[in-house]
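As structure tokens, here come the structures.
Next come two complexes built around subunit A: one with subunit B, the other with subunit C.
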Partner chain A sequence: MEKSIKKSSLSVSPNGLEKKTSSKRLEVLKTYKIYIGGQFPRTESGRFYTPVNATGKKLANVCLSSRKDFRDAVVAARSAFGKWADRAAFNRGQILYRMAEMLEGRKAQFIDELMQQDATKAKAEKEVNLAIDRLIYYAGWCDKYQQLFSTVNPVATSHFNFSVPEPMGVVSIIAPQSDSLLGLVSVIAPVIAGGNTCVVLASETKPLCSVTFAEVLNSSDLPGAVVNILTGKPSELLPWFVDHMDVNATIYCENDSTNRKMLQEKSASNLKRIVFYDTINWYSEKGESPYHIMDTQEIKTTWHPIENIAGSGGGY
Partner chain B sequence: MATRKSNTLKLKFDTSWSYAPAPESKSAATINKQYDLFINGAWQKPSSKKYFDTINPANEEKLSEVAEANEADVNKAVVAARNAYEKVWRKMSAKERAKYIFRIARMVQEKARELAIIESLDGGKPIRESRDFDVPTAANHFFYYAGWADKLEYAFPNRNPQSLGVAGQIIPWNFPLLMAAWKIAPALATGNTVVLKPAETTPLSALKLAEIIQESDLPPGVVNIITGAGATGAAIVKHPDINKIAFTGSTEVGKIIQKAIAGTHKKATLELGGKAANIIFEDAPLDQAVEGVINGIFFNQGHVCCAGSRLYVQESVAKQVIKKLKDRLESLIVGDPLDKNTDIGAINSKQQLETIHKYLKIGKQEGAEMYETSCALPRKGFWCRPTLFTNVAQSNRIAQEEIFGPVLAVLTFRTEDEVIEKANNTPYGLSAGVWTDKGSKIFNMTRRMRAGVVWANTFNKFDPTSPFGGYKESGFGREGGLHGLLPYLNLAN
Partner chain C sequence: MAVARSKTIVSDFSLSPHIDQVGVEERASRFTKRSIKKESKLNGLLLTLNMIDLTTLEGKDTDGKVKQLCYKAMHPYDAIQGLPTVAAVCVYPSMVKVAKKALDGSGIKVASVATAFPSGQAPRDVKIRDTKYAVANGADEVDMVISRGKFHAGEYNFVFDEIASIKEACGEARLKVILETGELGTYDKVRRASDIAMHAGADFIKTSTGKIQPAATMPVTLVMLEAIREFYYKTGKMIGMKPAGGISKSKLALHYLVMLKETLGEDWMNNHWFRFGASSLANDVLMQIVKEKTGLYQAANYFSVD
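The block that comes next holds the complex of A and B.
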């Protein structure tokens, strides 16, 4: 007989009452939905899949997102882009910090989900803690990376000339298959810290944390549609993630040479920027860096004349 | 001379004044009858045994013939570059590397006059531009990047930047020497070696640069310069032992390159097309703005990827600006590129002239109103009068597609939001311009325009210290400045 979908493996029941009084109470299961434009719809396709863990236990009936879901998410992400990029960098930092606060508050739920998806308790705790700390790390970068990567250029004519990083726009992300929470947070945080919006495809085999993370985003101050999260199969959705003409960059985190080649080929349609993170260990120091923020930034250079009646000199 | 008429100054042209010819002397430049391929520090015969003509677009006369490199020649050049990289260049101390590049910069300066003449002969651009812009900026580019060679770790905090290996570089015909400098200088400073291919219509200045490089005693194979057309470029892109492709040219070819290198570990920098919006607000100093617009679209016959080819004028001043533009157009001198008075030289090639004519036809067919100056054009060679279109719709092809010629599309707008929407409504994102006297408006505009280079109250300014490159389909990567080092380095720590 197949093992049924069961939400929790904790010994304490969800209402906190002792087992003997709750033994007859039916547990309320969570519906794992996708996150588009700040809402939690089911996939428009009506399809689902049922990932199982190593012991063969069904995790949930998870949305099998379609190409249309992706397109809807891109529309949402595009409409949110201008306002998110225009937010004060300081404000973006506060919002990322708020996301960390919300994640901290729901730590137990994430640990539980990670354990359902085969992690040991120690490993699950470590992953959740690191994910929280990673958000704090990027919260701090929001109003600093610009100072590090900007230049004032000493041109030889009398012009004020400076170069600053600007967000690329809408980024499509295929999140790491392993490290389903830490990997997810590690790829989303630098993208939105830099003012981009994104559409993310969660880990196919371990999707639970991504949906719960969407709930964290929803209860933090992050505007809806800055991050959109889909569940489903990369084998199905990958071409659409890189084909869409209103996506500016694509991030891919697996070391699959066939997919890499396909992504690079299709990116040519509108010269998307392609970022590969296939060699990064998200638990290591390399898992976090301001250079990751720069991976989805453009450099804009601005010129303006300096009045120069005396006729001497150059710029700043 | 000016007369006052309906509150605006009008330039008066019906005088008997004319400019005496002031041609630069061809004798200050030496052009060989035939050029071979510059591989491994020596001039080598092409294994294709083929040569093709390069002509002067101002009179269609043959200047020289250059070798056509085939796959075997490309391979030879890559092998030379790989050897030089592994055995010499990557091992050399960065300080010594810098000194070679400084030396090249100095030699370009020494031969500036000769290079300028060759550039104007082979490409058709006015000598004033090649003399005052192309050649000095190319020399400065080498000088600027030379100094970076031993300072790279300061550019990338907390990283240990490493060279990539062999860079394959393919450059266009609009700024032949300058583009060669933009490609070679940062590649050498970061410790890479180079295989460079100039455009088939303008190979001569790059071959002169090869002579300079030979004279500079740069170790053989560090820079290889090979000539040919598209097939030669494709062979470079596909060569398995190249680590980096740097390409400047059309978006169409850029996409082909991006596809061709898919599945390899080649890094790429693509500097592609553009359709820059140049925006004039009613509060702008209009005479200055008109000068800027003229420079923005007629500089180098409009053969400029960042040319301000879409002019957006605020409705309240549109009539006045268009009138001023037409006046100013009439005063532009079109003719002999070697004449120091010439404003607009020859169109680079017959093929490009045909492209421009195609767009002039499309513009008229789509209902825009064409205005061209009345100047006489030389009988031989490839020429196009300075042209502008009014009554242009946002959807017209002349407002959407890159023409790469002296053709300006004029559109109007009412509000800031409207013009931002229109300016950004293009797949391109290379450059943009804005003209207004109000500081806060300048920064609102420059911030919201999705382009890699934004000129405010100026246009078409370039400097070795200033990063250049596009957003969206105008390509990726930056050339110039500190940011121009990154495409030639691996930052993995």
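The block that comes next holds the complex of A and C.
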């Protein structure tokens, strides 16, 4: 009975014309959905979980993705891979820059979400700013890392022999649990800068920014399905992230020796590459590096028959 | 008397029953909601593989391409022992001889499209010669197209006579009649064309050539399956069904099997009475079979392209 509606909030003025209502507006809460193939579906499983912050406040009802969502996401990522890798490197850079622009425009929302997830205002601002800068950083690298990491190799036969980095394909990523925005951006950006597509599992305890970041991606020029973002529990999805035969590399960011061992063992099924980022402080200089692009690149070497190359008449 | 009356009804094809579009689409969508558990799913996948007419119908087809396809038909995926083969290989008449030789002794049928496939815009004597050529080269099955233009013009007798004359030209070969439902427009017309084809002597009715969009859809297939069911009740004669074009995923194929089972029943659940016309479905089915056996989701690049 205590909870019954206060009489005053519904009372009608004596003449019956003026309706007095409660001044408190019912807020419209956002539905946090996952991001697959450029769409925002709910999880196929229909499940959800409710993460809480340090003060015990419920953050939102978030999709608890299943292995079938992951499977669908991999199919989408694979179908997007060819076209994304075929884009001119410069164009990929433009698109990453556009992502930074869109993120800048929604800064306030991200700061607000980070603060809901226990960050102080100063720390939240710093994290968002750094995330934007990180996108710009990798946007710049898109058409430059190839030149740094390509080589012309001296060989004993009459061949022009050169090696160039190429994207691996579909990368599955378990994003860092802390630094839910900066960590997410820092693992996604180098992967797509290098022409890969990816399926990302966002932070389990702090998933809000990941879904909002998906909205940023969706309104950038990034083709759908290049980045797919799921929310859910790593404990449930981790084996599937590394088991899938159509995934070429897996990135894992936690320091959990049991999981690390499991990932390494399971990766043998199709010899996928496993990348561990567990010791990286994303705020430090080590959080950004062209070597992170190279983590999901393969080196392809070409032997091109040729008589003479060098001006002197010899080979390289 | 009853027989006589039913004959009067079917001879006027403009009296074919009208189809409730909303009802058919609602019913078809319900078949997609069935939960198929692990063991049934595996059996369904194996059955699907066994029902496939592996198809190549392109202007750029060569002998080599057809031989390759025939090898794939006989050896879908050798890493797993004891897999069924596909039902048939479907080619143009000019490739029948090559396919027949390549499939010799395997038990896999050779199906040939004929009658100026895919448009069907040719005089009847050309169509008959086309058919006879395919059969003489060894085709076990002939896939003909109906004259959609004549059908739209209301010349049902022309369409009927044409099918009957091709059936005659087929001799022993089984005749599949392609309605090209994407060009018919309405479910009513699909039903009418099905009735014409079945009465004219078709052994199979088939949705599409695969060259026109939309090709096979579940509602269209349901309309045709119901036509087959009614024809069976009236005459006691079983007719086969072949949806073709646009079925490239195992999941969708399983939905079709559910629809088949719930519309026509157990007797039609084999490749004598039901086929999938498809080229890329086989690989997806194989991937799902391997997934069921190993527990690992599979990647397309571990499976042969053709």
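Here is the rule we use: the second predicted complex is superposed on the first by the 282 of 316 C-alpha atoms of A that agree within 3 Å, B and C clash if a C-alpha of one lies under 4 Å from a C-alpha of the other, contacts with A are read in each partner's own complex, and residues count from 1 in each chain.
Heads up, the rule we're going with is that a residue touches a chain if its C-beta (ideal position, glycine included) is under 8 Å from a C-beta of that chain, and two chains touch if they have at least 3 such contacts.
None of the values given here were measured: they were computed from a predicted structure.
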item: Which superposed partner A:Ser178 touches (first subunit B, second subunit C, both, neither); value: neither
item: Which superposed partner A:Ser257 touches (first subunit B, second subunit C, both, neither); value: first
item: Touched subunit A residues, subunit B compared with subunit C; value: B
item: Partner chain(s) touched by A:Gln39 [first = subunit B, second = subunit C, both, neither]; value: neither
item: Which of subunit B and subunit C A:Pro154 touches, first, second, both or neither; value: first
item: First (subunit B), second (subunit C), both or neither touched by A:Val74; value: second
item: Partner chain in contact with A:Thr120 - subunit B first, subunit C second, else both or neither; value: neither
item: Partner chain(s) touched by A:Asn270 [first = subunit B, second = subunit C, both, neither]; value: both
item: First, second, both or neither for A:Asp246, with subunit B first and subunit C second; value: second
item: Residues on subunit A lying within both footprints (that of subunit B and that of subunit C); value: 269-270
item: Subunit A partner contacts - residues on subunit B that touch it in the complex; value: 140, 157, 159, 251, 254-256, 258-259, 261-263, 270, 272, 427, 442, 446, 450-458, 461, 463, 465-469, 471-473, 475-476, 478, 481-483, 491, 493
item: Complex contacts: residues of subunit A adjacent to subunit B; value: 148, 151, 153-157, 159, 161, 163, 168-169, 248, 257, 260-265, 267-271, 273, 286, 291, 298-305
item: Of subunit C, residues touching subunit A in the complex; value: 295-300, 302
item: Residues on subunit A engaged by subunit C in the complex (per definition of touch); value: 71, 74, 78, 240, 243-246, 269-270
